[in-house]
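Following are the structures in question.
You will see chain A twice below: alongside chain B first, and alongside chain C after that.
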Partner chain A sequence: MQKYIEYFKPVISLFIFIGFIIKKYKNYFKFIIYSVIFIWFIIIGYRSARPRYKPEHFTDIFNDFSWLVNWPKWLDFPLMQPLNSGFDWLIVNYGMFFEGINNFLLGLYTTMKNFLVGLPWPLVIALVIFITYFASGRKTSTTILVAFCTFFLGFLSPRYWDKCIMTVCIVLIGMLLCIVIGIPVGIAMARNQKVRNALLPILDLMQTIPSFCYLIPGILLFGLGAVPAIIAIFVYAVPPLIRLTDLGIRLVDKEVVEASEAFGASKKQTLWGVQIPLALPNIMQGINQCTMMSLAMVVIASMIGTRGIGDEVLLGLQQLNVGMATEAGIAIVLLAIIFDRITQSYGERLQERTQKKKEIEEHA
Partner chain B sequence: MPKIEIKNVYKIFGHSPSKVLPMVREGATKEEVLEKTGHTVGLDNVSITIQEGETFVCMGLSGSGKSTLIRHINRLIDPTAGEVLVEGTNVMDLDQKNLIKFRRHKMSMVFQRFGLFPHKTVIENIGYGLEVQGIKLEERNKTSMEKIEAVGLIGFEHQYPNQLSGGMQQRVGLARALATNTDIMLMDEAFSALDPIIRSDMQKQLIDLQAELKKTILFISHDLDESLKLGDHIGILNHGRIVQIGSPIDIIMKPADDYVAAFVKDVNRAKVIKAKIIMLTPEQFKSKKEKNSNTIKVNEDSFLDEFLPQVCLTPATVEVVDKSGNIKGYITEKELSKALTKSQADILTKSNTNVGQ
Partner chain C sequence: MKFLRNLLLPFAFAGFMALGATSANAACKVHLGDFDWDSANVHTAIASFILEKGYGCEVRVTKGSTTPIMAALFDQQIDIITEVWRDNLVQLIEDNLSKGTIIELGVNTPSSTQGFYVDKPTADKYNLKHVDDMKSAKIAKLFADPEAPGKGRMTSCISGWTCYTINLVKHKVYGLDEFYTNFDPGSGGALDAAIAGAFKKKKPVFSYYWTPTGLMGKVDLVKLEEPKYDQACWDEMTKVVEDIKANGPEVYKPTCACEYVNMSLTKAASTTFANKAENKPILDFIKNYTLPTAVVNKSLAFYMDESDGDMVETAKNFLSNNSMWEKWIPGDVATKVKASL
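What follows is the complex of A and B.
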């Protein structure tokens, strides 16, 4: 052991020296590194281009400048091949890992689905009414609206009832995943600028990349069915939740956070006692957004064979049956209203508790 | 040993403050630094000593670094250079754990916009300092109720802060700071957001509490009248630099520069100067010739405006007495006129006016 340390000493000091130099001429080094990477990319592109696209000798590039007119075929960065092979490698080596996730989510989904499908439908409606009534703080109007929407799901077409339950199960599991991962990530982002800087581009990517780009690898990793839909929901719906959690925490009045710190609260105490409770309305808004986006995603996911209300829309589309597609569309809207009303009214109730504005007037 | 000692503290805001520090040390002004480097100088070589049991008011206009200064003492802000000593320990030497302990037991803070937790009731707000210390609910509520009583908020303990008026909210802030029973209180423009009548109420309440509790208070204010009323010593900040430190009388009678002079120009001196400050000792008085037959007895701690109308009405010599009635000194019209005139130059131009304001 001692021997190795002796051996590493000069190496470590060399690294420290290099680190020092890099730190001193940071901007200079950054420029050099980026240019090296860029040139390296171009060389890779050139080398991997097919011979028939390339000039006979690369010095020809500098003699004949016709390639400046149209984009030359040899100036092509090869991303597809390595991604494919990387993906294959992932499946071969970490297949077990993905299968584990798959089994877990699928198990959760089937249990939940079988339970809800097995329940008599009036009981399900009663359950929804019960949840709404208490989540909205005993608001009758919201409860009645939600109850009617739930009833109309089955009333539109008896076929829809079970399919809606499947969709709801997928959305709920997707949301659960979003909440379990999204909120802690949002909190980490709000508290650490570096995490924030690292995550923001990833969130942008998740929001802008077309959903089919991750649906297809989803199928390869998890097979057809509910699980790739859940994963797709996660990718699509978690960014707004993360963003709104981050925003909510950072929007908490600075003086209030300072007050908490000034009285000797640890970071954990400040977070749980002050920041999270005050950010809750925003976080609830994020969860609400998350739900809406999950529902939108579930329809798209039906294209990769996910069972649910989405495949009724797809079926209508394929048969050019306007009525069928519209009917299923209405069912999705009703589902959206149910989810929205429940999460929204719960958020409002939280907001009321933190900011009792109504009663100020009484005292003024 | 002084309770709080701030030694040559510099604070520069920006992305690489340590590079700018030498420039500021060499005496570059705030504007120069901002123009050349894009850094903002918060504090520029500030040194303050606060003795135990005194109220030190730090005064300056907005942007002069007052709020930055107060946040150095409990290290809500870290200084770029310099030392902050509280009871002899350098707060910069504390690690995270000790810093939390230090904040819990050594000092408490009152905020300009109250800094109350909107999701907690009044009693929970007041008990927060104890809550983070891990004290049990019953004990916490007992202490909180005592403090609620002390600030006169009985009956409001289960209200939320937003249901209270500004003055009441700041009372909650004050009670919260008192609840942890720390020696030091930091008050960051505590009364600035309140309207004038409530503000003077709160000032009075603070003075009464202070007479009883004898805490060490660092009070930040932009209001000179408030500073003069509350402060045992006043430090005036301008552009992050300390311009003058002294007792209220020093500040009024001997302003260090034009900035301070401009501040004190419009002060009603009669409201600030106490009888004992301008009185003649009995020996000095005996040697004087002019004597009025009438005399008025006043307490040595009373302000001039409390007995000025009487003197104007019937020319009289003022006998200054202490609490038990012993004669401590005398004030004649001459001393009064001297104390109330703005400056020597003013006397020359306005030859006939003896009493200022």
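What follows is the complex of A and C.
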């Protein structure tokens, strides 16, 4: 036994030594790991470069320094090929999965579109008025504005009416997807620091990556039409909703949460009974932002064959018809106003409700 | 205030320096127009490489979709376009030729094909050879348009391109419109992606397409036969097409229709640019510039498979492996180009 301990002693002391070094030079250690990864990347890049771009022998790099002037062709991290083959693999092996999503969303879209297009137009306007009136808390001014905007969609040009309905359907389905996924994710972010740290860079990526980077793969996966547009809307419009949900929940007064806990509310009860109701105005703001961004995206999506009011703008651009593009542009603005007023006024009503409660509490 | 001034001064200075640097010592300035499909990009890359290295010109390239770029050419903002699909823009070009805003510089690629294509596996299986073979509900079902139940989808041109309207008229004349939608894919990239995606998923695809293109080398498409090209018939159809473009699809009248003629792609320059005496050598070069379809296809294949998406590399590859371009330009210019390869 003693012998074995003798035998392991140097190993153990080595471990202790390494542990000590890691602890003392924690920062340096990080740098070492990063630089190892960095050098590894460079080696991968060099090895995968085409032979005609490389010097004959890699030691030539240290003799001939002309590569320092212009970025050398061999210093090229090979990201394109693996991405392409990974994407092909995705299509070939998980095509059915995407097909399923495609059929579901498309079914939803077609049913909704056919239903709304089939309705007589005055009925649709009446429906919008009805929704606005009750969402805004019976505000007449908002209702009249929205009614006028809705009427003007078809009034601008009769062929806009059906196209606007298509656009609205796509936006609504996109938003539904955003809400169903975005709000729970936002809540998870607010409750867990680790989740937030992991998700924030992804949200940044989703917000900044150019939309064509996911529009074109969207066609390969889902085919031309409405579904890649819905997916694009989701990618583009969900980050503000997640962020604002997260913010809204974290902004709820700590005292209120503590009070609810003191009364013995479970975590679930605190969330549903206190945090979410108090965060609702912020979440509504997120949904409002989400709508506006969806509308912006649906216009871009007309470049991948999505039918809707966006193709009128595109057609105007393609034919150098300024009037046509502007007219369709105005229709999109009107749509934006309709969506904005409905969600905004609903949010305001929610805010008023919570504020009224506060006032009552103060008076009491 | 001082802080602001300190902040702004270097920027202003840098701006002046940049201006000075670009305007100094370039023998000539050329503004090339480029489009959003790959054969045009190849020509632009080759021409701008020769202009830059051989003539020592400062070359600016603006890339965009057909209408804006053509409009910029008519407006004299762009000097030269190396690939014009003349037959698709016939009205526009003839108007501007008669107005004297542009001049034509001859043929670029002598023969290019466009038409209706079906993927080979489906064509073989169902024996589809002629557009008339497509006229059946059973066949249309293969190409089902998910957004228009009961109909098939033919991916067509982009709605701003004249061929979109031509295809619309052809559909009606051939009787395809009962079975298929004339689906506007929105942009050139989306059209390519739709075809490539169908091949990856091994699904039937029915589409308008053309050669020379890089994609054509990668996928196996079969061209459907149409009634033979006939000038009188084409002219009659063009009238209807122009009418629809101006007044909307309601003004459609039954007409004749036939296949697209194997057309030659041309080159054009703005008159302002062409009239300047110092641009004469450049115009001569562009006039001489012509490439057979096979060479364009080869360059496109190189671009797609080997260049890692680098057009300049593709141009260099063409210039180092071919010598036909030396006939386009004077010997001393050719030597300069060769030296820079």
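We adopt the following convention: the second predicted complex is superposed on the first by the 324 of 364 C-alpha atoms of A that agree within 3 Å, B and C clash if a C-alpha of one lies under 4 Å from a C-alpha of the other, contacts with A are read in each partner's own complex, and residues count from 1 in each chain.
By definition in this document, a residue touches a chain if its C-beta (ideal position, glycine included) is under 8 Å from a C-beta of that chain, and two chains touch if they have at least 3 such contacts.
Worth saying up front: this structure is predicted, and the values here are computed from it rather than measured.
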item	value
First, second, both or neither for A:Ile44, with chain B first and chain C second	neither
Partner chain(s) touched by A:Ala188 [first = chain B, second = chain C, both, neither]	neither
Chain B versus chain C as contact partner of A:Ile219, first or second or both or neither	second
Which superposed partner A:Gln269 touches (first chain B, second chain C, both, neither)	first
Touched partner set for A:Glu258, first chain B, second chain C, both or neither	first
Partner chain in contact with A:Pro277 - chain B first, chain C second, else both or neither	first
Contacting residues of chain B [partner chain A, same complex]	71, 74, 76, 100-105, 107-109, 111-119, 128-129, 131-133, 160, 162-165, 176, 180, 186
Chain C residues within the chain A interface of the complex	65-68, 71, 146-147, 149, 155, 158-161, 183-187, 189-190, 193-194, 196-198, 200-201, 245, 306, 308-309
Of all residues in chain A, those that touch chain B in their complex	253, 255-256, 258-266, 269, 273-274, 277-278, 353-357, 359-360, 362-364
Chain C partner contacts - residues on chain A that touch it in the complex	50, 76, 80, 88, 91-92, 95, 102, 106, 110, 212, 215-216, 219-221, 223-226, 302-307, 311, 314-315, 317-320
